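Across the two complexes that follow, chain A remains constant while its partner is chain B and subsequently chain C.
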Partner chain A sequence: MRVLGRYTFAIAILVVLLVANLVMNPARFHPAAWGTLLGMAAPLIGAALASTPVILAGRGGIDISVGPVMALVSAVVIKVLYLDHGLSSPLILWPAALLIGALIGAFNGFMAVIVRVQPIVATLGTYLILGGLTLTILPAPVGPAPDWLKAMAGGWSFLPLGVIGLLWWGLSRTPFHDQLMAVGSDDRAAYTAGVPVSLVRFLAYVITGMLAAAAGMMLTALIGSADPKVGANYTLIAIAAVALGGVSLAGGKGGLLGAAIGAFDIFLLQSLLTAFNVSTYVLQVAYGAILVTAVVLIAFQDRGTKRSHA
Partner chain B sequence: MSRYLTGMKARIIGAFLVAALLHLIGTVLIPGYSAPFAIRALLVIAALLAVASVGQTLVVILGGIDLSIPFIIGFANVTAAQLYGQGWHFGLVCLVVFGLAILIGALNGALSRGLNIHPLIVTLGIGMIVQGLVLIWTKGFPTGSAPKAVSSFVSIGGSFGPLPVPALIPALLVMTLLIVLVLERTPWGRRLYALGANPGAAPYALINPLWVWTSTFAASAFFAALAGILLLGFTGSAYGDVGQPYLFQTIAAVVVGGAALVGGRGSYIGTLAGVLVLTEINTLLIGLNFSPASVQAAFGAIILLLVSLYGRERHFRTTV
Partner chain C sequence: MADLSATGLMLRPGARAFSATIGAGEILGLAGLDGHGQDAFLRSLTGLEKSGGEVALNGQRIGSFRDAERARIVYVPRDRRATGIFPGLSILDNFAIATAGRDRRGPLISPAARRARYEIWRERLQIRAPSPEAPITALSGGNQQKVLLARALAREPEVLLLNDPTRGVDVATRHLLYDLFRDLAGEGMVLVILSSEIEEILALCHRVLVFRDHGLAAELSGEAMQTDQVIAAMFGRAG
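== the complex of A and B ==
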């Protein structure tokens, strides 16, 4: 129940925005179009999910290379594997994407946990390297994506997000999840209690990398091609979605469900304001205002909980 | 304490040495790298980054981070041009721009500290609102320009008395001296370090965290606005996204200069060293005819290399 408490605000916005969208734009929100709708929201949801594990792991944990990972995965899968080498089977492309994500995640984890460079700087380095690498592989957008991948932005859009949800649910039954939350809340206490703090944090980076790769696949599915410039923009908005979904940037509080709801809130807001035909400038003010209001309200809520426990 | 000081000093001296080494490599590899005009250009570009990085240094010492700097730079850049273009007196323009920036910064600090929200999210959200409002106001097409005085103040070809550099460079040196004095010799500066080093204990030393955070973020926004106005003079016309490269560059400069993002450690001299290193790397890579994509990738790799050499954190085990 207390976990749900952190999501209260995100869910409240979700309900309000959903109703408003249904009234304003019934055709787009018709049940028959839900697959396409989720497909449009999927890259942002994926990016928000990806940003969450390292943030949960605490001590300044953050991965700003999530967006560039998405762009690199898109470039390698479409340009190098599909168009240059004719590999089109999902059984090759998905594992390849996840492997890229896992390797980059492992590199970030190595830099942040073993070399002990501050996470925002370590992943900033990766952000710049991956951005340059992507532009070298793919100077201009190319396409198209294989048909099965494009279908993942339509009727099959539930599949990748559903699999991630199931896997995370499974993971949350294992001791790893408890250790992750313990490390994020108080790494010194976790360490003295025998939790392998460094290993848990390292794995959080690997999971983040793999989720970012999955988000890259969803982005490729949505735009039906590979574009080197689109991915990087997801980084900051994904972190905003995570905060909106009640995940504490100090670590140890929140979960993937909250991040997904936060991301869907931002998507619905975008969709509603587009229906009103307002400019992207207004959209940006609305993003910022909702984000600040949400974190302020969550902070007040946290205060209330603390007092009632004291 | 003395070991900590030597460690900090070693980091700063190390960063200056790296900058000097990079400059030497550039001089050997690229003809004209050390030509007077090239050095003047390098100094001006570095000085602009140095002004933009003052605020990041202050908030990082405090254990915070300020993502609103690029948005405030863009806000000041566009607002100053727009108002000056409408015929306002430039003194009044500066008063309005700095006043608004300080209010925005104070809001950043007060919200982060007062409600205990991570400053990364607060400054990002406030920054997005500020940028959006500026875009709505100018409809995306800012007009206006900088007064001649500002342009010549930052012009690469400018001179200051007998010195062959624009007035920006001596002004930066004076500003650096003032910042170091404020950080090292005033109660406010010492409170900043104390609060950053131990946020829990500082209130027992009668330090008011809310006031220190509010004033520090206000100062950060002030320097960002200053950078925005100087950039207006440098580029000649207003551009809302002019601050975007400064988002990560200010953080990188502060960290390469030896500050710890967990707070309590850092100095503006260190940041200056970091600024010189970053500017040298950029100039060197562009001078070697790398494509923009490879410049970016090499830039990232070098930041990682430098920070892993001398910017490493203590193992959390040693803090148990």
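== the complex of A and C ==
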């Protein structure tokens, strides 16, 4: 009940936007097209999911290198592994992508948790490094992606998101999830209660890196090629989706489901405004307005619950 | 049998060094005016504060908070709101966070096992809560403190360090806690209780250490444990 409470706003928007989209754009939202539809939303949903664990871990935890990780994974998988070395099996490309994500996540975690650089600064460094690295590997878009990967933007688009959902559901029933929420809620109390605070935070960065890599694969699937320039755009819009989905940017509250709903909201808004032929500049205004409204409403809701229990 | 010893502790550079030992089944009280070192002493017993000297449990050195955790020295902090409860989590999760791994059945946590474990402590501590899933902030101060104690006791401590455990707790709950502490000591646990109330220490503890200027001003037990003696030591007028 309380969990649902945090998602109320995101779900309300979801319903309204879904109905509006169904009326405005019945062909695109026909059940037969749901696979493709989800494939189009998948990169943003993936990016939002990726941004969530570090934010849940609290104390200013944030990873703005999610977008560049997506671009780098796309570049390495398509350009280096697939086109240059002819490796096309999903059993090689998926683990390779996840490994890249995990390594970058571990680096971010090392900087933010062990060296204790402020997360936003640490991951800004990674953002810039990865941006340059991606352009060095891949100065211009290349393609195509392997067929199995392209299918993940069509009929199979539910697969990567479904697997992530399943894994997270499993994770949420392990001690790690409890510890993550406790660390995000109050790290001093968590430390006193015997929670390995630094380890938990570090792992949150690694998970974020791996999810970002998965989002990179979904992006590659959608555009059917590797483009060094599109990934980075996802960073900020993903954080907006996370906030919209009721995840507290202070940490300890929310979950992946909320982030996914928030991301889908933004996707629906996008497609609705596109159906109205609204300019992309106005689209930005709409993102900003809906984000501010959501955050304010959630803050009021939080204050309300706090007062009723005080 | 547990035996906690602290030797050559210096609570502040330049303060007088001192030593103390606490045996199994003993309840040791710590008294002193606020900020005179009793807090630092309690925290150094958990390795949270470095005070020179050496802390050891059964001859095993406790150098860090991790050591203390491994040796099952459990510390219950004073400021419940800032360093105790997790306001965003449920009562059940607040209880289980320190021992989350014990509810595992295979790799996953079983909510039923967790609830069963909580029920045992709810009964023993008489926690009055609407439901285990309610947010911890829905509880009264006394019941929040009981949940925190349940969390600490679930770790099966050898040594329980309590920093002002009855602060902001109602009278009925206090007496319940006193009985609990006596029972725990009876089972062979070492208890160290810092309290800002002298009456509480006199009623509960076998021995009291009075701190002044970050040094040990007096050690009182038996007949000498009287309010005026403790107060005199607190204000540095002990003979």
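Please note the rule applied: the second predicted complex is superposed on the first by the 310 of 310 C-alpha atoms of A that agree within 3 Å, B and C clash if a C-alpha of one lies under 4 Å from a C-alpha of the other, contacts with A are read in each partner's own complex, and residues count from 1 in each chain.
Here is the rule we go by: a contact is a pair of C-beta atoms (placed from the backbone, for glycine too) under 8 Å apart; a residue touches a chain by one contact, two chains touch by 3 or more.
Quick caveat: nothing in here was measured; it's all calculated off a predicted structure.
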| item | value |
| --- | --- |
| Fit or clash between chain C and chain B when superposed on chain A | fit |
| Chain B versus chain C as contact partner of A:M181, first or second or both or neither | second |
| Touched partner set for A:T192, first chain B, second chain C, both or neither | both |
| Touched partner set for A:G125, first chain B, second chain C, both or neither | first |
| In the superposition, chain B vs chain C on chain A residues touched | B |
| Touched partner set for A:G252, first chain B, second chain C, both or neither | second |
| A:G170 touches, of chain B and chain C: first, second, both or neither? | second |
| Chain B versus chain C - smallest C-alpha distance in the overlay, whole Å | 8 |
| Overlapping contact positions on chain A, where the chain C interface meets the chain B interface | 188, 191-192 |
| Residue ranges of chain A touching chain B (in the complex, touch as defined) | 59-60, 62, 111, 115-118, 120-122, 124-136, 139, 187-188, 191-192, 197, 236, 239-240, 243, 248-250, 279, 281-289, 291-292, 295-296, 298-300, 302-303 |
| Contacting residues of chain A [partner chain C, same complex] | 2, 170, 173-175, 178-179, 181-182, 185-186, 188-195, 252-253, 305-306, 309-310 |
| Complex interface listing, chain B residues touching chain A | 65, 67, 111, 115-118, 120-122, 124-133, 135-136, 140, 248, 251-252, 255, 260-262, 291-301, 303-304, 307-308, 311-317, 319-320 |
| Contacting residues of chain C [partner chain A, same complex] | 65, 69, 75, 77, 82-89, 93, 96-98, 100-101, 103-104, 107-109, 135, 137-138, 151, 155 |
